[in-house]
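Let me begin by presenting the structure, written as structure tokens, before commenting on it.
In order of appearance the chains are A, B, C and D, and numbering begins at 1 in each one.
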Amino acid sequence: MKFFSDNAAAVHPRLWQAMHAADAPDAGYDGDALSARMDDAFSDLFGTQCAALWVATGTAANCLALAAMVPPHGGVVCHREAHIEMDEGGAPGFYTHGAKLMLADGEGAKLTPEAIAALIDPIRNDVHQVQPHAISITQATEYGRVYTPEEVARIGSLAQGRGLGLHMDGARFANAVAHLGCHPAEVTAQAGVDVLTFGCVKNGGMNAEALVFFDMELADVVRYRRKRAGHLQSKGRYLAAQVLAMIENDLWLENAHAANAAAREIAGACGDRLFHPVEANELFVVLSPAEQDALRAQGFDFYDWTAPAGAPGAARFVTAWNSDPAHVSALARAIAAL
Amino acid sequence: MKFFSDNAAAVHPRLWQAMHAADAPDAGYDGDALSARMDDAFSDLFGTQCAALWVATGTAANCLALAAMVPPHGGVVCHREAHIEMDEGGAPGFYTHGAKLMLADGEGAKLTPEAIAALIDPIRNDVHQVQPHAISITQATEYGRVYTPEEVARIGSLAQGRGLGLHMDGARFANAVAHLGCHPAEVTAQAGVDVLTFGCVKNGGMNAEALVFFDMELADVVRYRRKRAGHLQSKGRYLAAQVLAMIENDLWLENAHAANAAAREIAGACGDRLFHPVEANELFVVLSPAEQDALRAQGFDFYDWTAPAGAPGAARFVTAWNSDPAHVSALARAIAAL
Amino acid sequence: MKFFSDNAAAVHPRLWQAMHAADAPDAGYDGDALSARMDDAFSDLFGTQCAALWVATGTAANCLALAAMVPPHGGVVCHREAHIEMDEGGAPGFYTHGAKLMLADGEGAKLTPEAIAALIDPIRNDVHQVQPHAISITQATEYGRVYTPEEVARIGSLAQGRGLGLHMDGARFANAVAHLGCHPAEVTAQAGVDVLTFGCVKNGGMNAEALVFFDMELADVVRYRRKRAGHLQSKGRYLAAQVLAMIENDLWLENAHAANAAAREIAGACGDRLFHPVEANELFVVLSPAEQDALRAQGFDFYDWTAPAGAPGAARFVTAWNSDPAHVSALARAIAAL
Amino acid sequence: MKFFSDNAAAVHPRLWQAMHAADAPDAGYDGDALSARMDDAFSDLFGTQCAALWVATGTAANCLALAAMVPPHGGVVCHREAHIEMDEGGAPGFYTHGAKLMLADGEGAKLTPEAIAALIDPIRNDVHQVQPHAISITQATEYGRVYTPEEVARIGSLAQGRGLGLHMDGARFANAVAHLGCHPAEVTAQAGVDVLTFGCVKNGGMNAEALVFFDMELADVVRYRRKRAGHLQSKGRYLAAQVLAMIENDLWLENAHAANAAAREIAGACGDRLFHPVEANELFVVLSPAEQDALRAQGFDFYDWTAPAGAPGAARFVTAWNSDPAHVSALARAIAAL
């Protein structure tokens, strides 16, 4: 009963079906009919003109976006615990040619305009200090926390006022939108986001994310950079197929609702053990080592996590689009019984 | 009846089957059982200890290999028409952080020790000139030409003598080995090759190539660099599944034999029109514009190509693992009838 | 009466003399007799075999050193307020091709083994997190604080134990050694330092620092990287002349003693206003805005500085090799009279 | 009697004088009065508004210029024998973050619009091939050849038509203008040049070149990049002093006329031995090994050179602003007497 992560779950049957359908011969790279449909499909989804490119991983998608917004001598503001800072093996430094990640603080790995301003206001406007050129936020965050449309809009407003680009790492964008129940444009295009990494892999995809450009000029540069990074697959139609299947008929929301619901069910059993509100599909739970052992002895797999100060230990549980309801209920019961 | 390229053909059924089997939950990234089998599987295939990593594209695989062998201030010798020079959108410059491609000449896009020496011998051994650190050759070449084991060994010997690494871009390695009928180690490990890009995508794969390291220390660096390039997929098991299915039961050779045979059948009809010997699955054919039109009118798709001096025009035809025998025969007949 | 910085002071007469003497024709780049003497001159100074290269600026020297020790996918541990992090315009990212600065804390901008371990111990040894490859410390620090030989040796020991390189940014190395009264090797070669940026510019030089390699293999790479960075001047003999004049007859120490003594004289008047002990030639002084105005009205120039919590304001004063004794005494009196 | 190169000659007395005058205290970096005068001084010289920055070396100046005009995924057209390709240790790859040098041919290391078009016209406008973003030409060329205003203007016109930037490497710009007898703007601003590396070091400077931006927006980026490359010297006033002394009272032309006249005197003795016309201060002379020995036995120093096909050997002689007239005449006589 695995609750390690959503990033290794099985591929959704409708994506398998779409990939098989893509087996028919078509042009290489992104010259095929499926890739050609992406711009329109995402423009429909967001209700605004945008450009969309498939990319195999979130790391590549995030970093291609940043590199399009930030010159090598510039910087990107992000949270100290952002995935781009903590878990991408230095990919931002590679893709941006050495631009700097500028680390701000904030509860639940969420940035606020105040925290951003506190970081960048003291930077002297001279050549000795790296100047910020963009902000990157994660929706939902690394702690499963969700920005409201208003919260994003406030950051978007600050970005616009300072001439900074705004990137959203949406590896779990679907979970965030499912939680908010809003239109996806409300937390992106309408809130000042220039580029969105629209995650599919954690939500039932195999190996395709989408980069969605509301600032469409950025897409032109990224087309070159994607190839230069070895991310322009010659059989790109299999990636386009995944992405299109994900957004057609709202499969992305359906899967996210399922994962979120599973997380909520477990959360209901956790009570005060939760040290982050459960808004998406991740649970951060205070558990003593003995309690962890007990759960593992019952067959539950999950990661140890850094406990809040004073707590005896902690663990992270992540649900997925296909979390087995029986496993989920079993876990909830097991935690309740601790 | 498409003869554009082998790089957009359908995925082989046995790879589909292997990918579906990989749907069962397993650890993320390359922590799964399939990824773990790759070293052994390739060591068996080559009859020598090696390390193997999956990578989604040949461009990324080639450039990760080069970056592991060449410091940013160094250079890589390659053919003037090599894929890394002509068709990878500057990826070598990106991955190597600005190292230089040093261009040598040679018939059929093949390098020779003599051509390499002619290029690098005049380089002064001082800091003003970029020093070569590696050689990259393509097997089969961009013109479908194949290096014999002896030819590779002569280059390997030069590389070793000069302290240079040796990389082989084997996007069509299977076609080359199928043509040679030799053991794959004879043109690689035994001939001094340090790293091989073992191509699968052009040979029936979806989006997985293998980087095979005979110099196993290089693999350790590439593990970090692969992640840093956003090429460590979280569901890597679907890539490992493709690669393993390709080499198990010699599917790679079976597919390559099919493609090569199709090319040979067409070649038989081309006579003096061929301006490169057909050793793999590519045909370079003198065709006047009128003749091209005639073939296209019969439903054959192919790329225009640069004609040899004096020729009225030319075209490139590429066969694939699944080229329809009826289409192949039809093309042969159509060319013969011109 | 300028106390802005030591980095814009006049050039010492003996350096002018040495540069004029270098006007005689000689070979270009570093092929001249003066450049050739540098290795021996520094080996004599440090009492151990080392290699020494001239470089025009401290920023370039620091970053060339780091790039020689750290691969693009690695990281460098430094203090959160280190010059390489705060004031080099992103040069480390440029020279290292995107390696990461990993920021540790410590009083007075000094690192400790404990602070370094607290930063790097939690880093998982996997490809998702950037791994440290070197440590960089500043002697004297950005707050004019000096590491004792024992303190450096403890860091050197940790570095060796972890397989990390150790770089010392010695922009004010002379001031530190003058303060310590030790042999320069005691805080460098004997304490585990691999490369030292030996500062001259802040100590009476015009535009030459020396990179001193106790790990001599690093120098071989840096010779190429220096050229590649456009820092191999064709009339390098004028830089060698500066550096050699600086270390011959202990001019470097003489100049540093003068600057340190001036700082001490002012410090004597500051009492509790000092919020960092004065060990080199920098003073960090609590001064209210009104007091700052009063000093400026008397003709003293200096930078505003960030005050400690609760203080009404602060300023930084820096003395130089040629600080006018009358100005120094006047400043001391003026502060005492506040 | 050294005729190796002009790049290691003594510093002109008026530059020494100007540097000494700069010893007076002033602000650091480029905040001093001399640095502040550079824009106006060059705007006066060229009779058009421009921005000018000092940089210590031609390599850094050239590469900062290119990096401002070319994105990392782009390319720069230059001559196959250009200094940036042959003798800068890979600096263009470093500064541009891996952009590509695209090599064109041309007699005497001169580019023509036809040669440039022949190179770039076949480039497919797709992401697989690196797209040109700028052209770099050298005035005078590596063979001492000079572009006329009309020749530059034709290249400038092509650049403008294709949307490419135009950089001029003017390491020996003074020698070229002295030869042409034209206004310096005629071969630069008026001919479509966006950025000029205005060489001083080979013309009597110590370690300062000027980057002159006719496209002034480029200068804003380069201010950041110069710092990031460790080329913003803290005592920049000594570099500004050199550059200003060079252009005031036409010292740059005076020095170049002297060097050119010396070269012409020697050229007069060379007759058919010359394999490049002598337009600036370099001579390329057919000399058999025995003749070279004979000259060296008489005390003349010079570099061997690659001889034209069929010639028994060759040498390069370079004159400088301070070539001793007696040595020059002696060399001319010695060659005539061979």
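Convention: contacts are C-beta pairs under 8 Å (C-beta built on N, C-alpha and C of every residue); 3 or more make two chains touch, one makes a residue touch a chain.
Please read these numbers as outputs of a predicted model, since none were measured by experiment.
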{"item": "Chain pair showing more contacts of the two, B-C and A-C", "value": "A-C"}
{"item": "Self-contact between copies chain A and chain D, residue sets same or different by half", "value": "same"}
{"item": "Greatest separation from chain D - chain, by CA centre", "value": "A"}
{"item": "Rounded Å distance between chain A and chain B, as computed from the means of their C-alpha atoms", "value": "34"}
{"item": "Distance between the centres, which are taken as Cα means, of chain C and chain B, whole angstrom", "value": "50"}
{"item": "Distance from the mean Cα position of chain C to that of chain A, given in whole angstrom", "value": "42"}
{"item": "For chain B, residues contacting two or more additional chains", "value": "72-73, 88-90, 93-94, 97, 127-128, 224, 227-228, 232"}
{"item": "Touching residues on chain B, where the partner in the complex is chain A", "value": "2, 4-5, 7-11, 16, 19-20, 23-28, 32, 55-61, 63-64, 88-91, 93-95, 201-202, 206-207, 224, 227-235, 237-239"}
{"item": "Contact set on chain D toward chain A in their complex", "value": "71-73, 97, 127-128, 131, 221, 223-228, 232"}
{"item": "Contacting residues of chain C [partner chain A, same complex]", "value": "72-75, 86-90, 92-94, 96-100, 127-130"}
